[in-house]
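Just dropping this structure here.
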Amino acid sequence: MKIKAGIVGATGYAGAELVRLLSNHPEAEVAAISSVSFEGQKLSDIYPSYTFLNDMICENSDAVVEKSDVIFAALPHGLSQELAEKCISNDKAFIDLGADFRLESEDEYTQWYGGTFLDKELHAQSVYGLPEFFRDKIKGKKLIANPGCYTTCSPLAIAPAIVNGLVSTKGIICDCKSGVTGAGRKPTQGSHFPELNEGFHAYKVASHRHTPEIEQTLSKLSGEDVTITFVPHLLPVNRGILATVYADLKEGVTYEEIRKAYEDYYKDEFFIRLLDDGKCADIHNVRYSNFCDISLHFDNRARKLVACAAIDNMVKGAAGQAIQNMNIIFGLDEKTGLVIVPPAF
Amino acid sequence: MKIKAGIVGATGYAGAELVRLLSNHPEAEVAAISSVSFEGQKLSDIYPSYTFLNDMICENSDAVVEKSDVIFAALPHGLSQELAEKCISNDKAFIDLGADFRLESEDEYTQWYGGTFLDKELHAQSVYGLPEFFRDKIKGKKLIANPGCYTTCSPLAIAPAIVNGLVSTKGIICDCKSGVTGAGRKPTQGSHFPELNEGFHAYKVASHRHTPEIEQTLSKLSGEDVTITFVPHLLPVNRGILATVYADLKEGVTYEEIRKAYEDYYKDEFFIRLLDDGKCADIHNVRYSNFCDISLHFDNRARKLVACAAIDNMVKGAAGQAIQNMNIIFGLDEKTGLVIVPPAF
Amino acid sequence: MKIKAGIVGATGYAGAELVRLLSNHPEAEVAAISSVSFEGQKLSDIYPSYTFLNDMICENSDAVVEKSDVIFAALPHGLSQELAEKCISNDKAFIDLGADFRLESEDEYTQWYGGTFLDKELHAQSVYGLPEFFRDKIKGKKLIANPGCYTTCSPLAIAPAIVNGLVSTKGIICDCKSGVTGAGRKPTQGSHFPELNEGFHAYKVASHRHTPEIEQTLSKLSGEDVTITFVPHLLPVNRGILATVYADLKEGVTYEEIRKAYEDYYKDEFFIRLLDDGKCADIHNVRYSNFCDISLHFDNRARKLVACAAIDNMVKGAAGQAIQNMNIIFGLDEKTGLVIVPPAF
Amino acid sequence: MKIKAGIVGATGYAGAELVRLLSNHPEAEVAAISSVSFEGQKLSDIYPSYTFLNDMICENSDAVVEKSDVIFAALPHGLSQELAEKCISNDKAFIDLGADFRLESEDEYTQWYGGTFLDKELHAQSVYGLPEFFRDKIKGKKLIANPGCYTTCSPLAIAPAIVNGLVSTKGIICDCKSGVTGAGRKPTQGSHFPELNEGFHAYKVASHRHTPEIEQTLSKLSGEDVTITFVPHLLPVNRGILATVYADLKEGVTYEEIRKAYEDYYKDEFFIRLLDDGKCADIHNVRYSNFCDISLHFDNRARKLVACAAIDNMVKGAAGQAIQNMNIIFGLDEKTGLVIVPPAF
């Protein structure tokens, strides 16, 4: 029998992408969807590309919890905690695509998001769902904090160098560039076609909420207290994030050592594609898929490692990774439903 | 055992798309690929999105024929006939994505393409592979002329009105707009990003080679000798064709009659999505899928039917339809491997 | 002394474009601007590209009328008539970029826009400002109805053939494709980048308000009662409209006659660029300029004339043409301030 | 009498942009143009946007030198030196948009470009034409090395902080993103629309030829030997470069000191627009203009200055700056012909 998956907040971009990806999953099916804004309406009226393929009606979140084995929540921050409680107390799995459970430190959560942890015990049960780093901790859990988009690709780009002590943990810079879907479905002046098209700019420089989340991951991996500079930019494309990560090479470290560290670290990771020397990770090549392409560049003149990581922000950066987490907690092969060849054009 | 599919001309856009779509097909697998320009090279070096997913080496066409049950050919016109002969004489199925077998009249072929039919008997064995119209003739065949992109969506847009005698067969206009992949992989000044981006223009007005092919289909369907005006335009998008087709309403014909004719004609067609009144077919909603979305518009003031049809030119307009044809001739469910939810963004 | 130009509705796209173009005008200057939504704010806070170049504060419309010799109004329909009255009674010139004065028939206005003519005498004083057709009537006038975007390029494409009786006035089709700025500054779901980008669709098929305006122009030019089929589409580009206009050739008409008719008709028109045979009008080549490029195509098989006209919808289709009208009514060389070389990329 | 300007290499993008900008210059005119590939052809056949506005015929370079007071050369590197010699010996001004005269050190030139200085004395006469830094040295010169695109915006972003000793000169990172016109007119696989559109990637990481040029400028300004990490990326837009420059703040330096240093340094610079706090430089806002927008961001947590600079790579990064240099050496107001309001959309 298939896993019954429910989606709370299905009409947002992450929710809609879950619907698309789950339609391709042989062991799971969408059992129910909900939306506050569109309750009672068909999903395919909001996303006409789904016409006749998913004409489900948006219900309320209670209906979703009741009908599902696993609940994916794609909600504004602050709204997941109560829902999580309900799911866990009903022995359902809960995978949160929002930020409520991502930060372990309540202080940091309060500082960056302005709220508090409603139920500290619940937070203690949650696990940060970046499988390539924390797979063993995810197994057997019921409450997953699915990472954000920038917070997936930035650590993936630099982790092996940090874990192996090849670069300094001080002064790391994550210069990231994201497609527009990262900003969600709601139209704004900044995402209005004529004002975004043919444009490019940074935003929330050194003040974006993904900063402490990246630092938390890198601190865990390195065992040191990592502070980064994180600068996101907005690309005039639909999908994709490229993280260009800069770190200071430790004295004497050679490119061969770097390369070997990455090869070893990711050798069993299906979704990480470490590119050959001379190639550059490109968001074009991972679109609609759960892959993370990584390319390594060695600036020996300035003694910097430059690592580029490309993901589809809506897949590996959101819905795909959530399904990867679902696969783990339900004991399936992690790749199930996610072996997608990215289109060449 | 899976159907062994071979692709001759695998490094062109249609060939590469076949590789992508077949990777998702449960009953077929890519057995061999060939390329004249890239023989001996890995496909994934040309299309890095395929890295680790398809790293097959391009061989020559003989190897492909030998290793395959069905050969897809995506070649410049004039080059398929000899290959077809070889396949057929070796009892292999042959699906030609080029133009060599599309026109039944050798005179028309000569007039528009400049060549001749090398083997008239072979041409007599071929069938035009537009399943929604000619499914019964495709069954049991070995040699399929897969339609072109414009020639798929234009007739699909207007066929039910013509078949039911609701519009005049005189004066039909097909105003079509295609994404850039339709022009192929070879870089040209016209497809150079800065000169195409933010531009839009018609090309080959009333002189494009797809003209006689559309006329052939509409003539067959109507039993009359149809001459159309066909004007293609180039859109600054990767994929998709929108055909806006205009036809004169016969006297007294109502919108309800039109609508009913379309509903009846396409009621069993999975890949045709007849949109609700008030909606407009959009190439955005069929990308990467084999669907053809059709919307109907009634200009009662000027007594015109306006029918819009949207397809992905590389899927329903090329590789997807070719697989649909493969499914038919191998006795599979026509949808096999082609039930793809188009992305919402 | 320079002409003092005022802009009511300066923060909309047409208003903002007027500011840009007037900055380049040697005989006019922006004296005041107004905005209901942004009164008291700097224009450059809304359009940061204008920073330090135009930091004017938005006032109210009364202030604009008082400070100006000519008032350009870029307002939603229904709101211009009162303002026009005020301007005319104060002996100011009034150029309306909205629809209130475009239709001569109040019945048609009521049918398509839903309002009435508040002051019929005022309407009688207005003139339709498409200089290439009605230049002589514009001279000496104070109240100009500046044409819409589609209604500029569609008639320009076909007028010489109609005026010279070379095509039928029945069954004319205007298949038009517009950039997104035509829909204005307000963000909507349809103009949200991820949903428009990589998409293309028709809208308001055979029901767009520009229909009667195009018909009015063609009827005047031909002396016959012209009914057209008008289908607009939305292009994923910022600027530009391509009108592909189809008309039935009268018996015996040759391409040479058509060509000569266009050459004669437009021989003194600086802003009309009749392209050489074999070329196709492209919106890419008129961006940011007041030019209208026209290409002619002859479908002798189906006996159709296909004429393509490309304009920048915000310039020749709005603000540029308004300035052209201003030049005429103030007795300046019509080209003043509008000799702009369109960028090549 | 107007300055007679000649363009050698007029059919490349920089050359074509010179033609466009000079058409707007009140004190200069294009006297002659040349092209090796298109000699004898009309410029407007290559760039149809120029039709009827500049239909000049491409001549050879000798003709250009003879007819001109100032010669702009937009040639592949290695080809300017001989031409420069000819111009200087004929007492013509020579502005080189290529790389031949940009590096003062022949060793560096040889290392990065592979050639040698043909005439060392000639090189000694040349001056690096970045007016905001070296205006005084440009005055009275005849041989100008016009900077590259990345090499204009990167130093402009960080210079005031360096000159005032507010940041370390070690470890500076220039993460730059350029529109496609930067790669020139020649179609390549990488600039083929379907492969670039919806993509984004770095290229020539830490190995791009603009590296030593940026270092040369920063070294001159700081009086120290600066080594940078320079990583260019390719944006799917026509025009624009955004440089995001990272530098380590010296101990105790406050944001107010940084801000003041920039305000003072650029207070008389018309083409530098220092944006208000909270705004981010966007390439959208400088398109088609000679402006450089700069925004400042202070990462106090990691003690980094992040400075963003946006230019139009073809204007301030090429043709516009070349005209700015021409204005200086001919004693004109530096802004002449370059006061262009960038379009808002």
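Order of writing sets the labels: A, B, C and D. Residues in every chain begin at 1.
Methods note: a residue touches a chain if its C-beta (ideal position, glycine included) is under 8 Å from a C-beta of that chain, and two chains touch if they have at least 3 such contacts.
Note that this is a predicted model, so its numbers are computed, not measured.
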{"item": "Chains contacting each of chain A and chain C, listed by label", "value": "B, D"}
{"item": "Remotest chain, chain B as reference, centres from CA atoms", "value": "D"}
{"item": "Which of A-B and B-C has more C-beta pairs touching across its chains", "value": "B-C"}
{"item": "Chain B-chain C separation of Cα centroids, rounded to whole Å", "value": "38"}
{"item": "Distance from the mean Cα position of chain D to that of chain B, given in whole angstrom", "value": "46"}
{"item": "Rounded Å distance between chain A and chain B, as computed from the means of their C-alpha atoms", "value": "37"}
{"item": "For chain B, residues contacting two or more additional chains", "value": "13, 181, 194, 196-198, 236-239, 282, 284-285, 287, 345"}
{"item": "Chain B partner contacts - residues on chain C that touch it in the complex", "value": "171, 173, 175, 177, 194-203, 205-206, 211, 227-229, 231, 233, 235-240, 242, 244, 246, 248, 280-285, 287, 295, 297-299, 301-302, 304, 306, 308, 310, 345"}
{"item": "Complex interface listing, chain B residues touching chain D", "value": "13, 179-181, 185-189, 191-194, 196-198, 236-239"}
{"item": "Touching residues (chain side chain B, partner chain A) in the complex", "value": "13, 16-17, 19-20, 23-24, 47-54, 181, 198, 238-239, 273, 275, 279, 282, 284-288, 293, 314, 339, 341-345"}
